[in-house]
Structures are given as C-alpha cells and as structure tokens.
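Chain nomenclature is as follows: A, B, C and D, assigned in order of appearance, with residue numbering initiated at 1 for each chain independently.
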Amino acid sequence: MTNSPSSASSPNKNLLASLPSTSVQIELRVRYSETDRMGIAHNKNYLDWFEMGRTEYCRQKGLSYRDIEERGFYLVVVESFCRYRKPLRYDDRFLVRTFLRDATPRKTVFAYELRTADGQALVAEGYTAHVPVNRESVFTSLPEELLSVLTRP
Amino acid sequence: MTNSPSSASSPNKNLLASLPSTSVQIELRVRYSETDRMGIAHNKNYLDWFEMGRTEYCRQKGLSYRDIEERGFYLVVVESFCRYRKPLRYDDRFLVRTFLRDATPRKTVFAYELRTADGQALVAEGYTAHVPVNRESVFTSLPEELLSVLTRP
Amino acid sequence: MTNSPSSASSPNKNLLASLPSTSVQIELRVRYSETDRMGIAHNKNYLDWFEMGRTEYCRQKGLSYRDIEERGFYLVVVESFCRYRKPLRYDDRFLVRTFLRDATPRKTVFAYELRTADGQALVAEGYTAHVPVNRESVFTSLPEELLSVLTRP
Amino acid sequence: MTNSPSSASSPNKNLLASLPSTSVQIELRVRYSETDRMGIAHNKNYLDWFEMGRTEYCRQKGLSYRDIEERGFYLVVVESFCRYRKPLRYDDRFLVRTFLRDATPRKTVFAYELRTADGQALVAEGYTAHVPVNRESVFTSLPEELLSVLTRP
C-alpha cells in the first residue's frame, strides 16, 4: 500500500488498457439528489450511470435492454468496480462512454469511462460483470443471436 | 475469461484473504425501494450498505464518522468494488460486517462481507478505498490521533 | 397564499386532526447518501421512510407486506404528501410513527409523523394513499380477511 | 372517503385548475434502478423528476438554480404532493412540464405535470412548495431581482 489513491499493486491498474476502440456515448447532468453533504455526487450513483451507459449501448447496437429481458434473459450484475478520479458537482455535465470488454454466452463485461463534457478529463472509470439468468433466476447462456447483436461493431 | 461468474484471473480473487480478525456488524433489511424490476436489491444499494457499515465501524471504535468530518477530515471514496454472490429480496434481513483492511495517513481501505441473517451464507463482499481531504477538498493526512481510533482493536 | 411556509388555506392543514390513537413506531438514522449538498436529508427519502413505516405497521399487525403481495395484492401508491418541518442531518436518529387513517376494500390511507429521537419535536408529517391491484395490475378489492388484519387495534 | 383513488373531497382536487399558461418541458427516461419489484417506477423518484423539472425551469428563465444557490439563497422544500395516475416502466420516455404557480419573497410553489412522450396521457401531477433560507439556514426573502427572473414570461 502506498500513499497514492490507486496503489501500484492495484489489481485493476490496467483497467482500460485493452478497451475496444468503439464505444457508445451519452451525456448526463448531476441531479441535485445525487449530491451528498460533501457537495459532490455520491459514489453509488456512478453505478446508475454505468447502467444508463449500457442501456444506450444495447439500444445503439439495435436491441434495447428491455427487449433482451422480454426475451427472457436477465444480465445480473455479479461484479462492479469504480475508480473515482475527480468529483462531480450538482448540474455538472459529463460523458459516459460504454465499451463491451468481453462477451461470451456465460459472461458479459462492460467497461466505462466518465469524462468532463469537453471529453478532456477522466472523471471516473470502471466495469461491471454480468451473467445471464432466465425468468426463473437460473443461470443460462446468451444465445448466439443476442451475442452477435452486442458485439456488432 | 472463463464461464464462471468470478473468473480465476480476477484481480480481486483474494479479496478477503487477509482480512483482519475483528469486524463490526450491523443488521439491515432490504427496503422496497431498493429492489428493481428483477425483484432483487439493485446493485447500487450495496455501496449504501457498505457506507452504513463503516459509519457503525467508526462509532464502535469510539468516534462517529460525523465527528471525523466535524474535525475537518472527509474520507472521499476513490475506489469501490463489490462482488454480488446471492440476490437479496424485499424485506430480507442480512448482516454487514465491516473490516478495516488498511489505514495510513493517506489512505484508508474498508472491506465488507454481507451475509444472510443467520451468518451462514456469503451474500456479497467488497471494499472501498478512501483518501482524506480537508474542507477545501485538498488532499491531506489523517492525524495520528484519528488513525489510532480507527485501528483500535 | 401567505408568506408562511404552510399557508392557512392549505388543504392539508388538518392532516393529523383525525389520526387514530394507535400507531406503529420505528427508529431510523439518516444515511450519508440520503443527504444532499445542502447538508440535509433530501426530500425524496421521506417517501422511503414512510414506506418502511408501513412495512413495519403491517408486520406488527401480524401480516408482513411481503405476504400481502404474495397473496396477489399490491398496494399501489396513488397519492403522496409530505410537509417538511425541520431538517434532518447525517446520522440523526428519528422516529417514524405510522397510522392507518382509512381502510376500505378499494383504498387504504396511511399517515405518518416523523419526530426527533426523543419524541418531542415534529420533524415531518404526511400520508400516502393506496389502491389494491392484482398480479395483472388490474384494480381489485382487498378481501375482508386482509382488511381485518390491517385494522386490528 | 369514497372508493375512488382520488376522493372527491380531496384537498388537491383542483391542483391544476389555475396553472399558468407557460411551462418548461423536459423529456426523461425511466432508469432501471428507478423501478421496484412491482416492475414500475417507485413513487420516490417522481420527486427527483420534479426537481429536474425546476432545475430546467430556472435555466430556461435565464438563471441556473446553481447560480441561485451561489448567491446564497436555498429554496428548501417544505411541502411535496404527487398524484400518480399511470405507472411508468423501465426505459419509458415521458415529459415533465414545470409551472411556476406562485412566487413571493417568502414562498415559491412549482407545479408539475408528467405526460407520456406523445404528450397525450397524464401520468402524474403534483407540486412542491419552497421557502428561501440563507447559508446559515435562516429564513430569508428572495430579492426582487431573483423573483423577476423566475416570473419572467
């Protein structure tokens, strides 16, 4: 453990090293209720924003996440990670860029970059890992048809 | 990447390997508003529960987190990680055990275990890393006095 | 409209005038994430606390709200009202007292009082109105059996 | 009290009777985390959406709400009311129309209409009442200069 916020031995150091070149981008603003008494956006909201990022990712690829669920596949979150680099304040505009880092029938991993509205500064980065379950909450496999939509360039 | 939800190469595999032996425990119930349309507690709420865990951790050690802030030290979250193992449903009771994994003047790391109310099954585990800033949001060092409270056995 | 926060002509002036004498009480603390940049609990959270109040109300009367839903009855919120009298801050303890103001097969109204932990000062008050729907989201009637549980003294 | 969801004697029956003719409109989508296990948007989120509506209202009138706070005026919520007419589901688009119903130096009241994305169906309606406080949380008066911005046609 060093004094730096992200220690050199951090397992997630190379989080973005192997990101695909394409991403889907949305722009958001920090809601008043998303701030806390420190005056900055509370850490839990980043997971919301990640989720909005992957909702748009799916839509851009041609299949809304709601449609995926209506076909009986639920992408349950099994891991989440976020590194918070710069605070966001009420009404700040920012970008969420969503990348598909991995997609197999049994696991999907999305990665995210939050940037200031001008795209210059990195605000936060993270990932979420998902496994598909069916309507009865039993682990299942994503059919090839859905995978090919998600991995569409 | 394997098919397993938590891949063998996961950087966080040994998350709890080196946890201290003492922890502070609270019991919570899942709120209705914390569930989502899948019928389970939404992933963002675990970060809330972690926070409630460390609030109680500080209180048990003899200094409320509110007091720490009133002395001018804010433990900003710079990293969060959670592995979700079993879903929680509305009104489920569960335990949050909070461990202090690391505490230096420049960085504090708390680890968490969520368990079913009987303590048997692991529901989720994770950690949050924090750096101290002062009232002007400038990085600072936690004084020895505060560190010794947090690390009290 | 006058200058007073709660105008004399307010329709809800007598909100608590006819409250039943019995209530179910829980004690809560304000979570960090429930505060906003003004340093006080955000107004939306009071609706959460009301909900926790009625969850405990049902449990105390002998039937958990989860059980009610498992029997196929969902008490959808059709109105909510809250008057905020004193701000709550992070880690403040407070009481939620829940009253059943009205219960007919087609509509249920709960009223709430939030008080400081010593019970002295009124922090907020409000109500929520609910109508029962079935699993297909169609309006239905609460059976006598359920009503009699809710209205148990 | 009748069996109807909105009883005839409801104090808020004429909620929208006297709304000003002009409003500011935004379009939103329901976030996944805003749904609950009933599959619909949870009642607390409507207060968030109202807040986003008044944030945009202020911006459109030429002064962001953040600027108002930076001048030392905080519009604390003292009352909230919402009537929920039609459920909203994940990813549904909807409109929030914000009206300034009243503005005096001591009290401001915003009213809101939520409509389906095509503007046809009323989804919800409500209001929030606010009183200005200063940085020390003491009741104050909104200066004429700010009032004239808010009431700009």
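In this section, contacts are C-beta pairs under 8 Å (C-beta built on N, C-alpha and C of every residue); 3 or more make two chains touch, one makes a residue touch a chain.
Bear in mind the structure is a predicted one, so any value in this text is a computation, not a measurement.
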| item | value |
| --- | --- |
| Identity of the chain that, by mean CA position, is farthest from chain A | C |
| Pair of chains joined by more contacts [C-beta pairs], A-B or A-C | A-B |
| Centre distance in Å when chain A and chain D are each reduced to the mean of their C-alpha atoms | 30 |
| Distance from chain C to chain A - Cα centre to Cα centre, in angstrom | 35 |
| Rounded Å distance, chain A centre to chain B centre (Cα mean) | 21 |
| Touching two or more other chains - residue numbers and ranges from chain B | 32-33, 38, 40, 44, 47-48, 90 |
| Chain B contact footprint on chain D (complex, rising order) | 32-33, 35-40, 42, 44, 89-90 |
| Interface residues, chain D side, partner chain C - complex | 1-7, 10-12, 38, 40, 43-45, 47-48, 74, 76-85, 87, 102, 104-107, 109, 128-129, 131, 137 |
| Chain D-facing residues of chain A, complex | 31-33, 47-48, 51-52, 55, 64-66, 90-91 |
